[in-house]
Amino acid sequence: MYPILTLTGQGTHMGKTAAMTVEELEAFLAREFPQAFHPGCGLTIEMAEYGKARVRQAYAEKFIRPGGTISGPTMMMLADFALYVAVLSSIGPVALAVTINLNINFLRRPAQTDVIAEAKILKLGKRLAVMEVHIFSEGEAEPVAHVTSTYSIPPVSAG
Amino acid sequence: MYPILTLTGQGTHMGKTAAMTVEELEAFLAREFPQAFHPGCGLTIEMAEYGKARVRQAYAEKFIRPGGTISGPTMMMLADFALYVAVLSSIGPVALAVTINLNINFLRRPAQTDVIAEAKILKLGKRLAVMEVHIFSEGEAEPVAHVTSTYSIPPVSAG
Amino acid sequence: MYPILTLTGQGTHMGKTAAMTVEELEAFLAREFPQAFHPGCGLTIEMAEYGKARVRQAYAEKFIRPGGTISGPTMMMLADFALYVAVLSSIGPVALAVTINLNINFLRRPAQTDVIAEAKILKLGKRLAVMEVHIFSEGEAEPVAHVTSTYSIPPVSAG
Amino acid sequence: MYPILTLTGQGTHMGKTAAMTVEELEAFLAREFPQAFHPGCGLTIEMAEYGKARVRQAYAEKFIRPGGTISGPTMMMLADFALYVAVLSSIGPVALAVTINLNINFLRRPAQTDVIAEAKILKLGKRLAVMEVHIFSEGEAEPVAHVTSTYSIPPVSAG
């Protein structure tokens, strides 16, 4: 029941095709990032298109903090994952795209349930991608956190 | 022809009334901030409702930088103005609401024209307001900059 | 061989005593945050004084990313831990001090070794603490990441 | 009486020579940015070396806000100026170095006096520079604001 962000008006994304399918993304991540993306990690890719992605972290007891809330680092990790999936689905399997910076605002206490992150590319340049992420608790309409982040995109190699 | 951001789905804002009209806002700002908001400053409030505001900086030659673009500080100033108007229209004439932090991502080179900033409150608490601003060049659909910011709201005095 | 940041000139910190010792901090964290701070987590508090703290994450294979570097979320988690320890050592055992926002800049690729985070309070107010963190790879003089963050400090309860 | 930040331990800056003198910087800025840097603007460059710079905004009534404090946009503008001077003094007259993002934390209310900004480069890469700025009121030891910012450095042209 999480909200589906509409991206109308974001003209740059219109009519372009994802560089990778969800299946290709999962295979790439399992091969390149086995420490982060492995059976049992609880991460799933729910949607990946050109310029946007939605991912989910299944609830696990280890993420809980006092008061029954989900830890901040869990949300930062999930945002980072959503950002990377959005980059990959837009420009293809570039293992070396790296986070330059990430700014997170914590808005509400997340509930003791799955966490969902929706990433959207605000600007995709040749060298940089600027993105935002809204993080939701499963079933809630208001975001629990908001992230902006910049990625550096490596130059295309001549080889 | 700038885009009008739809705020559907931001349930907290629904059904609440602005604490001040545009006319009340202008009178308050002219009285409290005469150095910033005065005849000839080129700032106008285009819309102010509960949880959101849209403001405009009229083009002036002094804002120009090499290549015919608008300076970064001009956009930061306009974002700050939009944030303050959104706070005022939501909680009323609180001169002492102050910016705690402001994070701006520059996305595209603004054109040599008016600049418009649309602020939206992401979370309005008793002590803090977290907001975002999209900044546009007049007539363009893609934002030239994106801002997130937190304001501290002073405790209500007993007097 | 990581650098020890000198905090001279930060006059607000001078002559004040830590609210908690390292032993008291460890006991508090083990009791309140058993999911994060437990035997085997690899986190240690190396120093905690009024206004500052230094913590360490022992190297573990699960933190590694392609190219032999440490993952971004590992650094964000460690920064968050350093921030919380600096808050606790300055104001005492306040389980409900919460992160409002966190901004991280990734500067260099961390080596495949321990990661150390040094937090410093820039401003400690009644309601807010603003801090910065420098993150280092063990044995390196240049930081691998820099963080600024704001914490909300709950009002002292009357009870 | 503002503090002089010591930059010891920032090994990358050691032993390198500034790419431009203060006089060369002033001439470049007056030529390229006449709208911002002109006689009467009140901006001065107090120090510019490889990797760091200190600049000053002379007090003027137009910067004042209610309560006798200096406006936030004044500090953002000054930080941006300090950042650009630090970039120029490190890599030379590159008019097209542009701000990607800027994050400012407001720490204390600045006094009704000159404002000084000290910029330091945290990381100078081929494509990006990451910097921080401490902003002080004249005569005060504690910063009134802290800024981190990333600049994009254009590729060296073949010509």
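Quick notes on this structure:
The letters A, B, C and D name the chains in turn, as written, and every chain counts its residues from 1.
Going forward, a contact is a pair of C-beta atoms (placed from the backbone, for glycine too) under 8 Å apart; a residue touches a chain by one contact, two chains touch by 3 or more.
It should be emphasised that the depicted structure is a prediction, and the values quoted were computed from it without experimental measurement.
Comparing the CA-atom centres of all chains against that of chain C, the greatest distance is found for B.
Note on interfaces A-C and A-B: more C-beta pairs are in contact across A-C. Our note on geometry: chain A versus chain C, Cα centroid distance of 25 Å, whole angstroms. In terms of their C-alpha centroids, the spacing between chain A and chain B amounts to 28 Å. Across the assembly, chain D contributes 100-101, 103, 105, 130, 150 as residues in contact with two or more other chains. Of all residues in chain C, those touching chain D in their complex are 3, 9-12, 103, 105, 107-108, 122-123, 130, 132, 141-143, 146, 148, 150. For chain A in complex with chain D, the residues that touch the partner chain are 100-101, 103, 127-128, 130, 150, 152. Chain C makes touch with chain A in their complex at residues 32-33, 35-36, 61-67, 71-73, 76-77, 80, 95-96, 98-106.
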